[in-house]
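One structure, as structure tokens, below. Some questions next.
For reference, chains read A, B, C and D in written order, and residue numbers begin at 1 within each chain.
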Amino acid sequence: MTMTPATGKKAGGTMPARGILFRNLRHHGGIVALIVLLVFNALFTPNFLHLQTLFVNISQVATIAIVAMGMTLVIATGGIDLSVGAVMALAGALAPLIFQSEFAMAYPVLGLTAAIALPLAVAAICGVFNGAMVSILRVQPIIATLILFISGRGIAQVLTNGNLQTFKNPAFSYLGTGKILGLPFQGWLALAIAVLLYWVVRRTTFGRYLLAVGGNEQAARLSGGPVRSVKIGAYMICAFLSGIAGLIVVAINSASDAARNGNLMELDAIAAAVVGGALLQGGRAPIFGAILGAIIIQLVKYTLLANGIQDEVALIAKALIIVLAVYVQQTRKE
Amino acid sequence: DGLPPLEQKDTYTVGFAQMESNNPWRIAETKSFHDTAESCGWNLIATDAAGSAAKQVADVDSMIAQGIDVLFLPPREEKPLIPAVMKARAAGIPTFLIDRSVDPAVAKPGEHFVSFLGSDFIDQGRRVAEWTLENFEGEQGIIVELEGTTGSSPANDRRKGFDDVMAQHDNMTIVASQTGDFARDMGRQVMETLLQAHPDVNIVYAHNDEMAIGAIQALELAGRKPGEDVLVVSIDGTRDALQAIIDGKMGVTVESSPFFGPLACEVMNKYAAGETIEPWVQVQDRIFTVDNAAENIDAAY
Amino acid sequence: MLDTDALDLRKYLAGNTQTTAVWLALILLILFGLLRYDNFGGAYNIASFLNYNAMFIVISLGMCFVIMTGGIDLSVGSVAAFTSVVAAYLSPYGLDVAAPGAILAGAAFGAVNALFIIAMRIPPFIATLATMLGAKGGALVISGAETIGVDWGSNFTKLGMEKAFGTIPWAILIVAIVAVLLWIVLEKTSLGRTVLAIGGGEDASILMGLKVNRAKAFVYILSGACAGMAGLFLASGFGAGQPLEGIGWELSAIASVVVGGTLLTGGLGSVPATIAGALLLGLVFNILNFENGRGTISLSAYWQMVIRGGFLFVVILFQTRVSSQDQKVS
Amino acid sequence: MQPLVSMQGIEKSFSGVPALRAADLELAPGEVHGLIGQNGAGKSTLIKILTGVYRRDAGTVRFDGQDSTVSSPREAQVAGIATIYQELNLVPLRSVTENVMMGYEPKRLGVLVDWNEAHRRTREILSRFGIDIDVRARLGSYSTAIQQLVAIARAVSLDARLVIMDEPTSSLDANEVKTLFGVVKSLKAAGVCVLYVSHFLDELFAVCDRVTTMRDGQTVGVRNIAETSKLELIADMLGRNVEDIQAAGMTEFGGGTKEPGEILLTANDISTGNRLRKFDLNVHRGEIVGLGGLLGSGRTEAARALFGVDPLTKGRVTFKGAGSEPENPAAAIAEGIGFLTEDRKSEGIIPDMSVRENLTLALLPKLTRNAQIDRKREQELVAHYIKSLGIKTSDMDQPIRELSGGNQQKVLLARWLATQPDLLILDEPTRGVDVGAKLEIQSIIRDYVDQGFGVVLISSEFEELVEGADRIVVLQDGCSVSELQNPGITENALVKAIAHHHDQEVSA
């Protein structure tokens, strides 16, 4: 005997319209916030509609955006990474140590390459440490990354003896001050990273497993998902990107300040990721959402500063905007 | 009843309760105490409160528990460190305040602590303002002020000293005053933004050199010429700032020396010898301009 | 039902190896300190250590309740700073005004958190992150960005600076009483059980008909009130309302709770173990200060950071080892 | 007599997709009322509207003659409606006592929970179900069956006027079902109305007075149980003629037609600790081997051991002629083993992912080209399985959590079929699945085996095991104790094999 399934609904087939609509709704909150900010600034902030404003904001938002994208991946696994700021400091502290060494003085090109590659490698190792703590030792992410949050910056300061390292190295500074087609290099870099990560999340096996692990770890494991490697990978990418951000900050300033580099970055990055639509319980990785979130946070900062709002009032305004952005998203979801 | 006495010995157990180590100035200060320790016969216990006044009090407590002879204390905040001063006194430990003081309404030099060794932050701001008034070449001064950490006493005092002078001059307007948290990167970012909102700025006053350097970078990135179309003035006297003065990018920096170790040693020995100590051992801050920057840069930190 | 006490204890230890780990670590660290440093066990050090850590213990207790529901409260540090300012302003009226004032102010922030989380359904991490910024800004605004001195003439500073019966700092005594009350709430009331149930499964708790929203509101308001109390201790013990204090307190409170064996995902938790966790983490600072005093090596501030991180790492390794053995046994 | 509950014209849709349209339900006081329908018919949704979990889009609900104001589960309980939801809704981290008593703890001095009394009462309540366990232990440390019984015990102990049971027997064994029936009858005797949802029609005939049938979100009929037959109910559910259905048997397995092929897997004396102590198993190609036993006998543990979830502490497994000890599920999958888990919610679906992504999860390694997923192949495969298994979904990108339980189960089955494993281990594959879907799943399994693959089938339904398995290995306390060979196995024989050994053990 044959039994056909209950009919009435079309089985299979695709229904793209519904998917797109859904995605748009989810991002609605962020986009509305962005538009409100832009309109407000255009009306009230002096000289807002200048190209230079764009430059300034791009160069400032790039680091937040880059770290927020890494954070988004970690959040997608249901984790969180508090150590991003410390990793920025560590990578940032290493770079000048390397290119100011005798070896680098003798072989500038090699030295410069090493000054970028080695700090990033160290950053990635920090990520592996975080990931291993979380996935192998099963330590809860906040605590696992709290370890490097506390001691990572300490290590950076031990390496530099606590000193501010200043330098003149135009080639290295290009990371933070260079321009391509008139726009800041780090903006392009952030964009390139976004495109790459978007592809990783949407198209690759790693991306699929990433969301699966965040969505239901048990099920992912029982379906053959490499849970450990995926988690370690997410933390590694996040730390790697933090390393890049750390280098950019050092490059812009022509100085590495291990005590300050990346200070409070974890909060901005988490806020950007969440405003961008990441769910803290995992299972979702909106990469461009993270960029949107970073832009919103940057614009809020810019708006308040440019309009002479005092720091303390600015804090309150920032709090309200974060709550509102997330709230709008929340209601749209239902 | 008077201050606890200090007997004369070859070696002293000395407590130095640093407030934080997140900027070059503090690090130089701590280093100065470490460097002085041996020559002055100190067995130095140095703690670090990581920016928390409460922890600084707890640090002092743990030093008292360990039985120090003398306490050197740079109080993070005027009022919250009063208990530390009081406890040290109750434990019979003479206390010298370094670089910042405590609320004189409650704790008094010569009574609760021996003396305050340091500069006058308000005066530093005032001197920057006065130098600026003398050396500013334009007609209308449009000033951007980069403040230190919101709520910290050097930030409050340096703003007060500067703003009070400027308020008396009609041709000077402070168009924006925002915190750069005493940090170079923040100073740069804030300056970049303020420069957009106030492109006509021609004077930048930063509460410390780190932010001034950040501001110079922001100006340069925006295609402006610090030193020519914008006058940058600040406080501290760091090596980078002196270099900027030599390069013509910065106008002045009022010294705020972190090298307190030798002075502390000297004052302590005098006290042990029974001499009376001034309630405020004022540090004479030099003023660095293009005239003397080059000769002083080697000694800067 | 015929279980003897001994059996119960064994069962307790078997079922609570995570909390056993923290007690063990605490005892080891204390022994280390006693053996290595003179004066470590002296009355002065013990009293001042407890007095200072009273703030962190009380915050950790509030945090423990929040975490047991599976939530988190990042605002505690800023709220404590805010309430310290409130307490300082109220100090001329004496403790009987300032104390309730500060605690209510803290509870009010807790209520805001509860509103965000329950009514607006904003995830706790974000909601309390926003409150953290808001409370910090608020503290700076109401204080005019300056520390606010307290009135030394009223009885206000007694709380933070004097000792009950000349031996026990008032602050720690009060915290002890709060701890006992909270322990009773957790173990002996349906409210406490609901808190745990929510952490174990919020949807399930709703379907079981528990008063989930009430319990969630309770934990956030409690945490706010605890932060308010910490702010009270801060103002009273240091003679000033300090808008800039409290940075990073939330993380050390979370660490205390976790080191105390409470799962961040909620559903499990213990009041005494949380206290042990807070003491353990506080003790590290104390020990580092004493180590500096030995003069053999001088640990710079940054080395201390490295060591603190390393210590946390070791404690957590220890804890996971112990609890993985636990899994094997059962 | 005035009905206790009267729901009329209920409508409900989820993000635009209707789950209920014009559903009615009427319950008389003191009756045991069955509610049946295919997976996704809307039974659970209807219940959740009654208990205030969901808000209805349209329709009226009257309780006890009044318009119902219930808007949350709490209010439902207060109004006298106790519910056992389909998805086990308990708190595994907390003790058994807490799970039974939560919200209704006995108090001293009005506030303090009297734990001794609470434990005592819990033991008493559980003893009605013949359970004697340590009520202080975490609920999660007990098997699904015990947890299910605890949930039932909680609901029954609430002194309700209406007890709703949404598939209460899906993880209970025959004895436990019997106990449950006893409880249902005593509830009825006490004048309590019971709403009973189940896919097991026999159960309805054993306890129910009336049955409401739903199809596609609508109520299609109410029948007195005494005046109807299984066939009629099935016909109602499927919306087809009785004659059509009569032409077919009740399970779709049919006997194995071919002789079993070469040996596929041998497990010798394997153990993973306490719960799987000594287990032997042979599986041939083209053969379905059933694992029988009481709940908690270690069947799931055996499956987990073969699949590399729990490491072996003892023994050897040979798979396809080579020694095999997969370190983890990924390795097991690569070797050609698949494992459909019994706990769909916590070990199966990834709720926020789409049907497509869920379906291909285990297949990803094979779909990967240069680290990328081959989208075209993926879509083809998914479309194929949606069609061939008749998965009811609006499109392949719909989140799986929006599907009904039975359809979720089909997606998971497809997940494993798609990997084409040589050995497929199925743990309760038809749990919570409606009659129609169950038959389909059974026939899919049989087809699969006929292609020369091996299947290990774990089921608590004796009928399914007896008709479906070529051989049955009986487990008890983590040891394999005997083996029965088909044809020739009867339900009776199986029950005896399970019980027999048990008696011996007890008397020894």
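Please note the rule applied: contacts are C-beta pairs under 8 Å (C-beta built on N, C-alpha and C of every residue); 3 or more make two chains touch, one makes a residue touch a chain.
Everything numeric here is computed off the predicted structure, so don't read it as measured data.
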Selected interface, B-C versus C-D, where C-beta contact pairs are more numerous: B-C
Separation of mean Cα positions, chain D and chain B [Å, integer]: 72
Where chain A and chain D are represented by their mean Cα positions, the distance between them in whole Å: 42
Distance between the centres, which are taken as Cα means, of chain C and chain B, whole angstrom: 34
Residues of chain A touching at least two other chains: 157, 162, 311-312
Two or more partner chains touched - positions in chain B: 21, 150
Touching two or more other chains - residues of chain C: 140, 145, 300-302, 304
Chain pairs in mutual contact under the definition given at the outset: A-B, A-C, A-D, B-C, C-D
Residue ranges of chain A in contact with chain B within the complex: 45-48, 50, 52-53, 56, 59-60, 157, 162-164, 166, 177, 249, 252-255, 257, 259-261, 263, 301-302, 305-308, 310-312
Touching residues on chain C, where the partner in the complex is chain A: 72, 116, 120-123, 125-127, 129-134, 136-141, 145, 251, 254-255, 258, 263-265, 300-310, 312-313, 316-317, 320
Residues of chain A touching chain C in the complex: 80, 82, 133, 137-140, 142-144, 146-158, 162, 267, 270-271, 274, 279-280, 311-316, 318-320, 322-323, 326-327, 330
Chain D to chain C touching residues, read off their complex: 53, 72-74, 76-78, 83, 85, 89-94, 98, 102-103, 105, 107, 111-113, 115, 119-120, 141, 154
Interfacial residue positions of chain D with respect to chain A in the complex: 38, 40-41, 215-216, 238-239, 245, 247-249, 252, 307, 309, 328-330, 332-334, 339, 341, 346-353, 357, 361-362, 364-365, 367-368, 371-373, 375, 379, 382-383, 386-387, 390-397, 415, 436-437, 439-440
